[in-house]
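Across the two complexes that follow, subunit A remains constant while its partner is subunit B and subsequently subunit C.
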Partner chain A sequence: MTPIDRRRFLGSGAAAAGLASLGLPLRSALAQSGEIVIGAAPPITGVFAFAGAGLHAGLGDWVEWKNGQGGIAGRKLRYVAEDSSYKVDQSVAIFKKIVAQYKPPLFYGDSTGWAKAIAPELSQLGSVLATGPSFASDLADPAKAPYYFMPGPTYSGQIEVLLEYVSRSAAGAAKPAVAFVYSDTEFGRDPIASGKAKAAKLGIPVVLEVVTKPGAVDVSAEVIKLRRAKPDFVIFHGYVLAPIPEFMRQMRDAGMNARGMGTIYTMDKTTIDQMGAAGAGFLGVMPYRYSFDTEKTPTMALIREVGSRKPNNPWQTTFYTQGWLVGMIFEQVLGRTLGAKKELTGPNMKAALESIGKWDTGGIFGVPIALKTHSIPVGRVYLVKGSTIVPNSDWITIG
Partner chain B sequence: MRIGDFHASYRHDEALFDTRAQRVWLGLLLAALAAFPFVGGSYLTYLACLLGIHLIAAAGLNVMTGYTGLISLGHAAFMGVGCYAVAVAERAGIPFFLALPLAGAASAAIGLVVGIPSLRIKGLYFAVATLAAQFVLGFVFREWESVTGGVRGANVPAASLFGFELAGDRRVYFLIAPLAVLMLLGARNLFRTRVGRAFIAIRDRDISAEVLGISLFRYKLAAFAIGSFYAGVAGGLWGYFFRVATPELFGLPLSVFYLAAIIVGGLGSILGTILGATFMTLIPEFLRALVGWAEAFGLEQAGVYLAPLRQVVFGLLIVGFLVFEPHGLAEMWRRTRRFFHLWPFRT
Partner chain C sequence: MSGAIDWLLLAEFSLVGLLSGGVLALIALGFVLVYKGTRVINFALGEFMMVGAYLFWTANVFLALPWWAALALTLAGVAALGALVERFVLRPLAGQPVISIVMATIGLGAVLHGLAEAVWGGANLSLPELLPRKPLLLGEILLPGQVLWSFALAVALIAAFTAYFRWSKDGVSMRAAASDPVTAYAMGIDVRRTQRLTWMFAGVTGAVAGIIVASMTSLSPSLGTVALGVLAVVILGGLDSIAGAIVAGLIVGLLESLTVAFVGGQARDLVPYLVVLVILMVRPYGLFGTRDIERL
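Then we have the complex of A and B:
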């Protein structure tokens, strides 16, 4: 080891102190400028990175574009984000850091764990309205988590959309049978109980439930069970990709005609493409319009225009669309609160959020939406057809 | 220049902090810890709380692995037991000052059961047994819905004392920090007793220890119970801090985190525990701050491009420490300290 020289030691300390002090003038300048800070802890790395980079880019680009339009109520926006690595302790740390430094009224987080850990803090602070990419059903509860909302339907809502589709697809009096295949995780189990209740209400027989680990696992025994149960639709939830392709492949090999169905984080095109031939005919719920949708809409055209200026085309994913949508909801909340000449406090922003009704997103959703329940109970069923994904239902509003 | 310590009495010889300088520094440290949340702000107080929890848990693992030689890959699960125990205790109206020892006791009881195979197996074989405990307990957390809330988890109410809620970072800090200091002092003291020395003897050569009259079964189980107790208390504090207990929080990655912390810090050393846990907790934050500075200096999109690199740098730092200083950060600290003690002479 190189011996430590006292002068060098003190010099390094001084340099570190100087570097650390750089943040201070930045903060005070920000406080005076009247900028509205949007904090974020997107999972740019870690297991959720496949979506996190797009979410980050979407929200960041929206802020940049909005500032180009003059900001909101004459105030510029500032997007302050740090990678959470999809770890609860780190995302909570980022939240605390950004809230302490910049006092953002709005925050975009990263996971169900983060949202649950931060919910009591949000209530205690009463000054931050937060959202994130988790659609956990527990979180869409204005009573328990008053300052949290989600930019889409809950996982339970997504399953409801699929079951509505199944119910409507019945040719005669008898409803098609479904099987649930889900991962042994919080994510996987989230909508199952409510899904079974909804199926019972719609008269849809649930012929089998299969629980697996997420990821690449041997599914041959489960496929044999599915073959015996003879479902018409197999709803997969709690996975991103694996083991869905393996299920689909083995179901085909076993001569089954059952249609596979997925939820939001399976249905991005980047994931569907990875399914290869196994993905042919796959159905799934997606609350947003795809960037390649043939129906021309103003917001999707804007996303394409703004996003195309960036490298790697992140705008093509639904994650980017979700990030952009979050920005649009923030705009509604800020605009309604400031427009009513109210301060950006938690209760005021919550009231503004809940006042959003019959809002036209310019095409991200095909129908006007409301955020009274702190979620957006709308979705559409899409079909994987060749190398693309096409709409296979109308926009379905549930609840 | 210091050239040694002169002990004039047995009492002085036995003192935990045997020099005046040490006692002064300790006093200053305690004063700084007491003042910290008032000057550190919310973010730093949060990190301090997190560090306090990691310190207690890592100290427990070091008792098992560093001092007794029982490699455990189930430490996070023992923490989970503590966290759920606190959630259940709070539901039953038990106050935090009883709930936390209960959490430790529940975890210690489970640790005793998991530690039983240690009589017959050791080393990597025993590590696999503890890995099994990690998965079995994880399964229990997910499936025992009436107690744990299943995969959705359980909410933990804020700790409260005579109606005063310890909610928020600053208040919880005054629960976590004193406990961390006490438990680290307890661990440090443990290895000046017969029990602690028996642990070290077992680690160094178990057959010789048995020949010397040390009951391997009893002391190995004791080590496991003590280590698990620490994990249980840390888990309980985790519950009071994050106010939620879900199975995914106490998975294998957290167990590996603690193992890495004590290896990087220095096995069989309380100082190593402190340095290792601090390193593992703060370095990711520091690296993230570096990325933030890069963006502040005009490197647009630095967050996107440098964020994955951060993980690589973190991994390389750990490997680097292990390669260049296998005895961990504690040894580097000792060497640095020795240098300043002997300055201007070279060591």
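Then we have the complex of A and C:
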């Protein structure tokens, strides 16, 4: 082994330091000119797996399709995803790993817990714009979470859409009465205070609030309370499926005519199908157009064409549509930022996101949308009719 | 609101609560059977419920067998599972500290949960409605059909087990082996066989409870967590008392219902277990449990 003298050691150290100092701008420059990485931590397994596979496939297929079209501003996209199992520690670890390894300007997470955990880091990094399938109301706040947005209305917004529908369904001067049934979780409680305020504003009497565990076994006592409160509409939130079907069945058994209403994660057809007969006549808010909507639109036709190329691809689900929509929003952000010859930094991408207004999604939403509030305050009420789900209102813009 | 309506409300919630306690008592019976027979708290009971419900779904919905054939296959399946667990998990641990056996049942629960997720996936499945739903109207009081029938089923099963332990030869052998295994062995009772039977019966009660619970809600691997909530019922009744399981099930059902009525759903879990805690401070061995006396 050749002995290293002091001069050679210092010289090589200086050379290494010089290379390192050159390396940072070089890597930054590559990030601004090479392929664009989109990171993701989709919940492909775990309790949110029913949605996670569709979310992952939707965004993944959109990236593939977009690359087939030549990418964005001449740059190819690369989708780097790892299953989070819907565990916050795991999705946070995946986020940190992908950010450290690939420096993605855009990231698709998996939950409210994840979004809240990484919000301070997003602000500190100032280089990543993130989104996820959570519609927690306090995440749609450009001041507190400047680098986070959601691909739909907040849970509060969804309840507002339902209340608007209830208000518009009034036959006379008296507004129909509603009851809120929600899970004793952060998810369940999220829109209740604002929902009650909105109901008061619209003159809708809230005759009962029922709090349950998610998936509660026995709801007999709760149904007794509902029967005595006599609501016209029962709004369920904070659940995916159970115990909504049992509520609906027991309400029918008790001779109640109240209509059940749900929010986005109850309203996918795969979940509604599991309600069986209990789902008949169920109403709910869905911000997106269903894949089986009879009105033909270009984006839904494209989703069908691309999604159906692969076997067992869940392209018919609203989760897939959400993943695809996230890709389309990413395209808008990237296109607007790069089109203005700006670097893909957090502030630049945030400005691009907030500049999206009167944007036609090609049919996913039936009206032009804006992302100024970092959410999309639009939804439509659907009705479960036979074996399908049909629109039961116009597209309602709230806020 | 007039006083008369208040009394009606109280009567309605009380009746529904007592009837709902039937399913709690049935789940509690699964814990009691194993504890009575082997002195082990089976933390995997919830997973036995879940596996039973999945087997029933597979036979009845997936294979489209009639409900009675599906039920027979399910009960045979969980009984076999109970026997396998006794032979390959519990018997090798005979003579080991109780904590080791408890940990083994917790581990077994995790394995069954993981296996169920691997075989049937994590999605919610629906079981067909098995019990009649027509409610019973007593004036203004409405008793939901499935609550009424699940109570009747639980009472019938508990009565059948009580009769079996009281009058059948195997039942008497099981009681003898549970009470004093060494003397029972000396008297010619096959203690291993009685312990195997205990686990098989616990599996069967768990499966029936699992099918009832899943048909009222939905079926997913998380169904097993229901049983852990019933553990307080078992402790209140006394770990080794079938009568205790029934009474405690009814008490907790009643308390849960009255809590929903007069306090609110968020306190549903809290108030009944506060009452359980107070009762246990006075009777630490439960309402009907055997009072162990240790002399030094």
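Observations on the structure shown:
The rule we apply is simple: the second predicted complex is superposed on the first by the 364 of 399 C-alpha atoms of A that agree within 3 Å, B and C clash if a C-alpha of one lies under 4 Å from a C-alpha of the other, contacts with A are read in each partner's own complex, and residues count from 1 in each chain.
The working rule: contacts are C-beta pairs under 8 Å (C-beta built on N, C-alpha and C of every residue); 3 or more make two chains touch, one makes a residue touch a chain.
Because the structure is predicted, anything quoted here is derived from the model rather than measured.
Considered on the superposed subunit A, subunit B and subunit C are sterically compatible, since they fit side by side.
In the superposed pair of complexes, A:Arg75 makes contact with neither subunit B nor subunit C. Applying the stated contact rule after C-alpha superposition, one finds that A:Thr45 touches each of subunit B and subunit C. After overlaying the two complexes on the shared chain, residue contacts for A:Arg304 are found with neither subunit B nor subunit C. In the superposed model, A:Lys342 makes contact with neither subunit B nor subunit C. Shared-chain residue A:Gln124: touches subunit B; no touch with subunit C.
Of the two partner chains placed around the shared chain by superposition, subunit C is the only one that A:Arg249 touches, whereas subunit B remains out of contact.
Contact with subunit B, but none with subunit C, is seen for A:Gln90 once the two complexes are overlaid on the shared chain. Judged by the touch definition given at the top, the superposed model places A:Lys103 against neither subunit B nor subunit C.
When both complexes are overlaid on chain A, the residue A:Asp184 reaches subunit B and subunit C alike. Taking every C-alpha of subunit B against every C-alpha of subunit C after the fit on chain A, the minimum distance is 6 Å. The intersection of subunit A residues touching subunit B with those touching subunit C, taken from the two complexes, comprises 45, 49, 184.
Note for the complex: subunit A touches subunit B at residues 1, 3-4, 6, 19, 22-23, 26, 44-45, 49, 53, 56-57, 81-83, 85, 88-90, 92-94, 96-97, 99-101, 113, 116-117, 120-121, 124, 138, 184-186, 188-190.
Of all residues in subunit C, those touching subunit A in their complex are 9, 12-13, 16-17, 19-20, 23, 121-126, 129, 133-135, 142, 144-145, 147, 213, 216-218, 222, 226, 256-257, 260-261, 264-266, 268-269.
Subunit B makes touch with subunit A in their complex at residues 41-43, 46-47, 50, 142, 150-153, 158, 167-169, 242-244, 246-249, 284-285, 288, 291-293, 296, 303-304, 307-308, 310-311, 324-325, 332, 335-336, 339-340, 343, 346. Listing the residues of subunit A that touch subunit C in their complex gives 45-47, 49-50, 184, 210-213, 215-218, 220-225, 227-228, 240-243, 245-246, 249-250, 253-254, 270-271, 274-276.
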